[in-house]
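Letters A, B, C and D mark the chains in the order given here, with residues in each chain numbered from 1 onward.
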Amino acid sequence: MRKSISLGVATALTLSVSAFAVAADTIKIAFIDPLSGPFAGTGVNGLHQYEFAAETLVNATGGVLDGDMFEIVAFDNKISPKESLIQLQVAIDQGIRFIAQGNSSGVANALTEAIDKHNRRNPDDRVLFLNYSAVDPALTNDKCNFWHFRFDANADIKMDALTDVMAADDSIKKVYIIGQDYSFGKAVSAAAVRFLGEKRPDIEIVGNELHPIGKVKDFTPYTRKIMAAEADAIITGNWGADMVGLGRSVLENGYTGPLYTYYAAADGITAAFGDAGVGSLKLVAEGQINPPANDRAAAYYEAFKAKYPDGNISQARITNVIEMLAKAINEAGTATDVVPIAYALEGMEHESIWGTSLKMREADHQIIQDVHIHAHTNDGVTFDYDNSGFGLLVDSTVTMAAADSPTSCKMRRP
Amino acid sequence: MDLILVNLIDGLVTGLLLFMLSAGLTLIFSMMGVLNFAHASFYMLGAYFAFQISLYLGFWMGLLIAPLIVGVLGAGVERYGLRRVHQYGHVPELIFTFGLALLIEEVVQFIWGKSQMAYSTPEVLQFTAFSIAGNAIPAYKIFMIFISIAIFIGLLWVLTRTRVGMIIQAALTYPKTVEALGHNVPLIFMGVFGVGTALAGVAGVIAGPVLGTFPGMAFVLGSIVFVTIVIGGLGSLWGALVASLLIGWITTFSKAYNLRMEDLLIALGFEKPDVIWDSPWRDLWSLTSPQIADILPYILMVLILIFRPHGLLGKRDA
Amino acid sequence: MSDQTATAPATRSALLPLAPWVLSALLLLVLPFIFTANSAITIMNQMAITIIFALAYNMLLGQGGMLSFGHAVYAGVGGFACVHIMNMDDFFATIPLPVLPIFGGLMGMGLAMIVGSFSTRKAGTVFAMISLGVGELIAACSVIIVVFFGGEEGISGDRTYGLPTFGVEFLQQIEVYYLIALWLMISAILMYLYSRTPLGRMANAVRDNPERAEFLGYSARWVRFYSFVASGFFAGIAGALFAINYEILTEENLNTTQSGIILLVTFLGGVGFFFGPIIGAIVFTLVQTVLSLQTELWGFYLGLIFVATVMFFPGGLAGLIMMHVPALRLGKLGRLGVPYLKTLGAGAVMALGGAALIEMIFHVRHASSGDHEMVLFWIAFDSHSILPWVIASLAAAVGYFIVRRTAPDLMEAWNDANTPDGGAS
Amino acid sequence: MTAALELNALTKSFGKTEIIRGVDLSIPKGERHAIIGPNGAGKSTLFNLITGRFPQTGGSIALHGADLAGKAPFEINRMGLSRSFQITNIFPKMTVFENVRCSLLWSMGYRYNFWSMVSRSPALTTGADAILEQINLTARRDLPAGVLSYAEQRALEIGITIAGGADVIMLDEPTAGMSHSETDYIVELIRTVTVGKTLIMVEHDMGVVFGLADRISVLVYGEIIATGTPEAVRADPRVQEAYLGAALEDH
């Protein structure tokens, strides 16, 4: 009984391997993110962006090394750290050397530690961690390691850029900070307090609070507090349903000031805000979508939309991950030994297809890039999100944001 | 002072919404002894159906039709699912509804996908009813209050003034006797289940636009509905109302005011450690009421179960 | 339907009851030689942990008749305690890793003693609701009490810093596998033996008829309390093994989803038999880790299987297996073979056809437009062409037709196999 | 010598309704005592008061001289009182043998023991088998109790009740719903298993009562109107008037 089922595991595992192993000369990248459950929308959209980037930017131009092709292999981690570690093991067993993950800093924390331990314990099949979206600053500070590369601006860098813009706005006198009660929410709050204190000591922080993550049904009571505090601006790191809930609640209940966010776009959020968000909703992120930076970027986006009409390029940096990885593999001359690839990635400078320059900082493997403050609008938007007619338009840009920001990372190199 | 009034209104909306769910559940629970774990899933179905209907026929038809469909579905679940499981006892019944909740969530994702639906309030109600000290009260909230109160009155009328209501009330207290009197208890069960789930459907229709229509909406509300009826007392409609409002106001007020544990501890004569970030008690010191607002109902329920197992207004043990 | 109550007649060999245990131990020993991949070992570790947890849960649900909606917290807290021990460098360096689960067990037991002191007063709904409330409370605390639970990202440790055990430092998955397998055997045997002790027997008695048990001199409340505490201990061990295997614990180890999963696993396997949860844990882990590699809709199928189990086989998979014991005793099990093959074979075709239809609908509805190619059962085809739809519909329809046709034969064969020869006319 | 069971001015009210209205009764050791009375007289309530299922409203109950007020059923059982139920009350999913063995556990000193195997104890096995022998269910030993016939289940219940070695046995309508032959069988059984013990029973069947009991108490509307030997009770005009006449007409 038990045996026959276990045999089933083996067949299922081998079969799933063979199902994906299309050609011999493929370089596989494991995409470990939620593909089922409440965050599957974000995960699936990310997967499409990866597949499209690999296809368009690498495979269509002849591949890397001697014509090796990139292949994205999807693993569903159900946004659970435990499942992520199981899928990581499956990926390593399939001979995959590159792990891409982005949704949830909690998962990223688990993965980076597991990969560090794995690489220490198994020097023969080491893997690299390409973090494209988890922005907890700790990942490139106290918890940094040689195998982890972050392609997104971390929460501190984004806040640095955001507060640069806020500091220039004299109408802002009172700021309310609200976020989800976990590491990222706390990081946003701490960074906001620190940077505002440095740049505009006259700004009063009239509220700074955390709410339970994913549990709040109705944000009205929080809104009442924000209104009572007469805040001129709100900063929040909320994402998902918490973002929509908070945003709609404040806007419905009469708030008209700017609402500075990290993640209030795409995956249904842009559509959910619609007209209500215009004028208030701001978003800090890398990657310029509107107006298109150049013809190449526009063409790329158009091609993506043609293939995935319901999709959005909500994480422009995914193209950077693919391009920089391809470049590093070419430089290192190998796709199997990740150590020289990691050394090639360290300190790499790159021109992104979005027309900006990137630098992977050696000290902590944090990418340095332009960070934009976007406005949610339907005016002048070439590429909208969620096919809603609304999208993000670059309001202002901070070039090479926080390039000289300090890091507490003590990188140990092999 | 104005803020208190505003929060009272907000809490009332939350409480009444909860009541629409718990009213149906408490009827079902006390008649059939079934803790219907899928109750909030019917609420979700109500929102999704109404969204789909509103695309073609507008919000108001959604409000009319969606609860009917949900009610029919609910009755079907009772007839073809629960009744079958009933013979195995209460625990399998409960587990059945638990599995049903999982299944409904999966089916919703299968049909509508995983993203939030762009289901919004009708245009007629998209204005501010009135403002209190700069706090806007949207007209839709007033509408929600009226709908809930209308339903409560209607329910009360049916239960106390009609023959069916009399039978149901009798069945609440003496299910065996009522059957012995020759009433078709299985039919009553099916009807109560259908009406109960339809009520949940109504709640879904009117809450969907405000609280969001997404596959996790049932889970977010799920167990809090049980908590409500356990606190209120099983089988007691008034108990469900009192508990719903209590929970609505408790959570609203503890979110709307930052009561800090620090103040309480100092008032109790404890001394705050100088290096708070290194103290093992730092989490206790930094605790605020919004952080624990959503778990207060659970604390309340555990205390009630320990000290008053039949709930605030209930007559039978849970 | 009595659970493991049939005591072996004294005449039977004393060694016979040991046979399943010895076989299981041997199987556990050789499994890693059959499935050598690290991922297979990881999955087996996960299975073993789930088995222990499900068995512990069944001490409550199956043997004690107590339905808990928050049992994950006992495993979780045990696991968290173990990670904290791993992080106490000096202390951890003095204890060998294989001993660590005892600490997890004690922690789970301690928490169960506190909660059980007020939750076990009543069974039924009161117990279930208190367990739900306490479960929610502790899960919510995990993001508030950062000192112990580490907030949303949890806490992690390194198992290899313990005192080396006979030179083994537990660097490799395979070493961890044998550690977990050892604890699986120990826990399963202990839990099995527990069900044979006076307290274990009284747990059954209290489950079936608490009032009668009271008039036999036993306080139903204390019997439930001891069952609860024992269950908490073994849940804590499962949590500790989780900590050793994954070296990280997070909020997901505590939340109600996890508690719900273990209820599902246990019920799916069958609460009426000791080995039920074992089957449940194996099947569930396979569905979760292997089926989810194949289809996004794994949760849908799982929900379907679960609801069908509750409706049609309340005894779970174990009940399904044990249904065949009478026929086996009569030596007539063989007569079921051909009818089974006919009906179940057709049933499988029907299920596969149905699943294919579901997958294709899902693909057409949710895949990116222009993406017409889908892979199903390792065959790639165009989901927008008519042929696959015809094939799938045909398979489902023909399967259904044959099932309907052959079901009466199966029923007849079933009745025949369960009637002693000569007994029926 | 103290009485096995002593009731003193015992009262019980549910809300405003007084069901037991001051019962005084003393049952000496070794006596077979029957409580009879018309329907609704409060016999079962009296039973439930004595066994701790309900708390009393007033008065006292003493078992071998010890007050039972506020004691839980399991505590009363440990003091040496055991009862059966009007509605068959066994463990239906367990085997017949298990049923009896469970009822032996406490009295054999196993208490909340989780370190010894029940099957390893010869004393438990022989003890349970001896009781099975006494109640003539040896042939049914390994069947689930739920599948036994009604009379067998009643016999098993009596077995469970006496197994714990209690010296005061209370039986609630042990022959209710039985045929004549079954009744005779159970009466014989009760007679043999209660030798040397105090028996208190509630019974409707007059044949059973007059055949088995040493003394009879007649409970009418929550009060004992007569107590005495069967002959004396039979002759008591008040009993005749209040109860027997009506009851005999029924039969």
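In this text, contacts are C-beta pairs under 8 Å (C-beta built on N, C-alpha and C of every residue); 3 or more make two chains touch, one makes a residue touch a chain.
All values derive from a computational prediction rather than experimental measurement.
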| Chains in simultaneous contact with chain B and chain C | A
| query | Which one of the chains is farthest from chain D, going by Cα centres? | reply | A
| message | Give me the two chains with the most inter-chain contact pairs. | response | A-C
| note | Per the C-alpha means, the centres of chain A and chain D lie apart by a whole-Å value of 74
| query | Could you state the distance in Å from the CA-based centre of chain C to that of chain D? | reply | 44
| remark: The distance between the C-alpha centres of chain A and chain B, rounded to whole Å, is 36
| remark: So chain B residues touching two or more other chains come to 109, 113, 291, 294
| Which residues belonging to chain A are in contact with no fewer than two other chains? | 37, 40, 181, 212, 215
| note | Here the pairs of chains that touch are A-B, A-C, B-C, C-D
| said: Going by the contact rule set out above, which residues of chain C touch chain B in the complex? | reply: 61, 65, 67, 69, 118, 122, 124-126, 128-130, 132-134, 136-137, 140, 144-147, 256, 260, 263-264, 267, 297, 299-300, 302-304, 306-307, 310-311, 314, 358, 362, 365-366
| note | The residues of chain B that touch chain C in their complex are 35, 81, 84-85, 88, 90-92, 94-96, 98-100, 102-103, 105-107, 109-111, 113, 223, 226-227, 230, 280, 282-283, 287, 291-292, 294-295, 298-299, 301-302, 305-306, 309, 317-318
| What residues on chain D touch chain C, complex-wise? | 51, 72-74, 77-78, 82-83, 85, 89-95, 97-98, 101-103, 105-107, 110-119, 142, 144, 160-161, 164
| field | List of chain A residues in touch with chain B within their complex | value | 37-41, 44, 181, 209-212, 214-218, 220-222, 224-225, 227-228, 241, 244-245, 248, 252-254, 267-269, 271-272, 274, 386, 388
| remark: chain B residues touching chain A in their complex are 3, 6-7, 10, 13-14, 109, 113-118, 120, 128, 131, 134-136, 138, 210-212, 214-216, 220-221, 251-253, 255-258, 288, 290-291, 293-294
